[in-house]
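Labels run A, B and C following the written order; every chain starts at residue 1.
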């Protein structure tokens, strides 16, 4: 499965500098690569590793190529974005090595006769597809996936084992959904129906039926055990090319703008809108009914309770320090108004002294 | 499936003002409703929308009805709680539209002969029910649900796909458990059995067997991928009408009081007791072995490390602000005791000056 | 299933003080134990309960035994670590009571002919085992477990229902993995490949193929719905005897040192290394590419953004207080630099006054 630099450049673009007939059969980091491997320089601070590498060839940006001491006897593919180029070539080698696709429906799968499954789809063991569902060309549903009635799965999507997609949802083409993710579960909505106060309170929570769906655009990736609730009346919407990590929770009626990335363990409460090209850090919490503009970055562990319409970086998390020092600060923090009052008193006294002088 | 206002009022209470023969076939928000739909006014600030709505009728509270400019040619159902009323009517329309229930056990389900499954239960594909389990009347177990040995599922409960309930647990009637939830997994308990310190330490963690169960009251809802651990010796207890959102973690031997609601991504460590009618915000963390009284509200992202016996609202989370400003504050926060010392020094100097004068 | 103190001491060590022929059939806390039960004193503050207990015998440390008022007519097993001893004896009673193991493969399981499953393994209903997988002696795979191609599961491991282990992973012997856990899902890595800024930005995120695996040592326990991502190029590594609670997220290429415990809802971003014997509290977040030394303790809800090479206790979380007081402090916190500036101004004025005097 080795392939020449020339063939790679023909497929993915870029310019070969050196010997276009060099053959490589995989990728590796600069410091580990062997002569049959292609390495990449994604960060100029590792420039010196290019001189030392044993790699057969190196993916490099034009500006970095110019900085090399010598190109003597070496080969390169020059591209403005070596890291993205590396990712694409790596994927190609994986696809070349993959076992031939087994098309068709595993005999243990339970597919409703009123569901529509494309001929080129691969339906794994114990998959359940309900009536009215539509599974597109080239879709792969791994073991134990559940597709509820009327749900559409777009072409070339891959749902890993035990993904559950409730009824009436729509997943765009080329989605990747990792194991255990749940799409379309009920939003968390209850009307309080209580009378009386305290111990005398009687009544109950009345469930608000959740009749919207979840609509997921093209090229979305969703992490393992992530949950995305269906809308109450309208849909929850994930726009194209959103990338969501593991164990993220997205509440009902949220809208996540295109190209936004959301790191693991983040939670977004209901009816919140996040703009395009945002970056939501790990374990960030975002309140319901707020709006984040395009290009908003929220750093890890922060909490957002109000709308952030303007692009920028937002934070509300502290880095851990030694417990003893933290406890001292935390005790003072709880009564910061008292410190402020002491400053005020000092200022007032100084003022009085100055005016008295 | 249209139904008259009179029939609705007969079923759910309230008083029809206007034409009881108006027929509606569904619900919609005031600003989107069509003449064949029923709208609702849950918040008086939208009163003006009632005048403008095209809805066939409106659910409204008595006080709000009195504020309307005109009732001319319009119809209402008057009820003290239009939002809860809306929820109930919406559920009725969903039930009317639902396909006829398919009772019985799917041929792919694996039901132990020593399990007891009610005739009216609906057991989906690939469900596994172990020996000694009891599944009540009208229960619906969706695809891939697992019910461990000796576990009881109360009547009319609905467990969505891939819910796992370990052995020896009890779920009350009318529960709703969303996909991927796990009930009855082992609590996190290990006895340290080490000798020596630092690099010389040897030994191991010894697992504390978790032999309690999980006991869940009536009318509880549990969100997708939520986990509730079984007790170590006694049971973990979720009282009636508790509502739990997605990805919540509840440790062993917790007790959650009736009517309490817990928002997504909250985590409650072991042996903690939460009172009745509490509201636990999203991503809240509560330490183990603490007690929260009735009517305690903890706002989103806060951490609770001590008991909060008194009703009230508790907080320890900051809202995100611009990163540069935050970093300045955070650096000072880490050394708040130094700021305090500088204030002290100023106070001491002033004191000395005053006494010296 | 009752057994004498003498037999217990023979099996687990310790010294019987009193009557070695006393028979016990289970364990219970001191204040609830009956004469046919064994109790344990793990914490000296409950010493008075030993005098009052009805237990048939008590597990006790030598120092505590010496403090008892009287041993008259009572029996003990004396051991340096009664809590760990209790855990081991409790496990023995559970094993004695367990139904005889059903060895073999359930007919509904889908096992690839090119997988290798030990004869003594117990493969539950709807389990899926792909080609090249190796399942060791005495392994128990519960209903719906998925084992990807080439993955190894070490001897005597127990995977609870719906655990998904992707291809090319390795789980050591005696692992316990709770329901819904996902091991080996893709790490979260994308190369930005965009040109232009703001509304004019075009391009996409390019997925970095994740071709490493997950390597899990011996005696590891993993909680329900926890997720552990596979490495990008190298493996994600969990060393021996690590104990991980529910809903923990571990990113790609992390290494978690032996004997470390991680409490529920913690999240660890990619390429982070955690030392041996660490304790990571509940809902802690740890940034990517940092290193924690051995014996580091991070308290619950804290965030770690930099390496913590030194053993110690680290914190960055506040305990919740009354909301009104918190809000006052939080407002001042946001502008702590202004408080600092006011202190500076007071200091400068005092300085000037002093030098002017």
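Observations on the structure shown:
FYI, a contact is a pair of C-beta atoms (placed from the backbone, for glycine too) under 8 Å apart; a residue touches a chain by one contact, two chains touch by 3 or more.
Just so you know, these numbers come straight off a predicted model, no measurement behind them.
Interface residue usage between subunit A and subunit C, two copies of one sequence, is largely distinct: under half of the residue numbers at the contact are used by both copies. Relative orientation of subunit B and subunit C, expressed as the C-alpha superposition rotation angle, is 120° to the nearest 5.
Averaged Cα coordinates give subunit A a centre that lies 25 Å from the centre of subunit C. Of all residues in subunit C, those that touch two or more other chains are 108, 126, 144, 162, 180, 225, 247, 265, 283, 318-319, 321, 326, 333, 336, 339, 343, 346. In the complex of the two chains, the subunit A residues touching subunit C come out as 28-29, 42, 81, 83-84, 86-88, 90-91, 94, 106, 108, 124-126, 142-144, 160-162, 176, 178-180, 219, 221, 223-225, 241, 243, 245-247, 259, 261, 263-265, 277, 282-283, 294-295, 300-301, 317-324, 326-327, 330, 333-337, 339-340, 343, 346-347, 350.
The touching residues of subunit A, when paired with subunit B in their complex, are 108, 110, 126, 128, 144, 146, 162, 164, 166, 180, 182, 185-186, 188, 190-194, 198-199, 201, 204-209, 211, 225, 227, 229, 233, 247, 249, 251, 265, 267, 269, 283, 285, 287, 297-299, 302-306, 308, 312-316, 318-319, 321, 325-326, 328-329, 332-333, 336, 339, 342-343, 346, 349.
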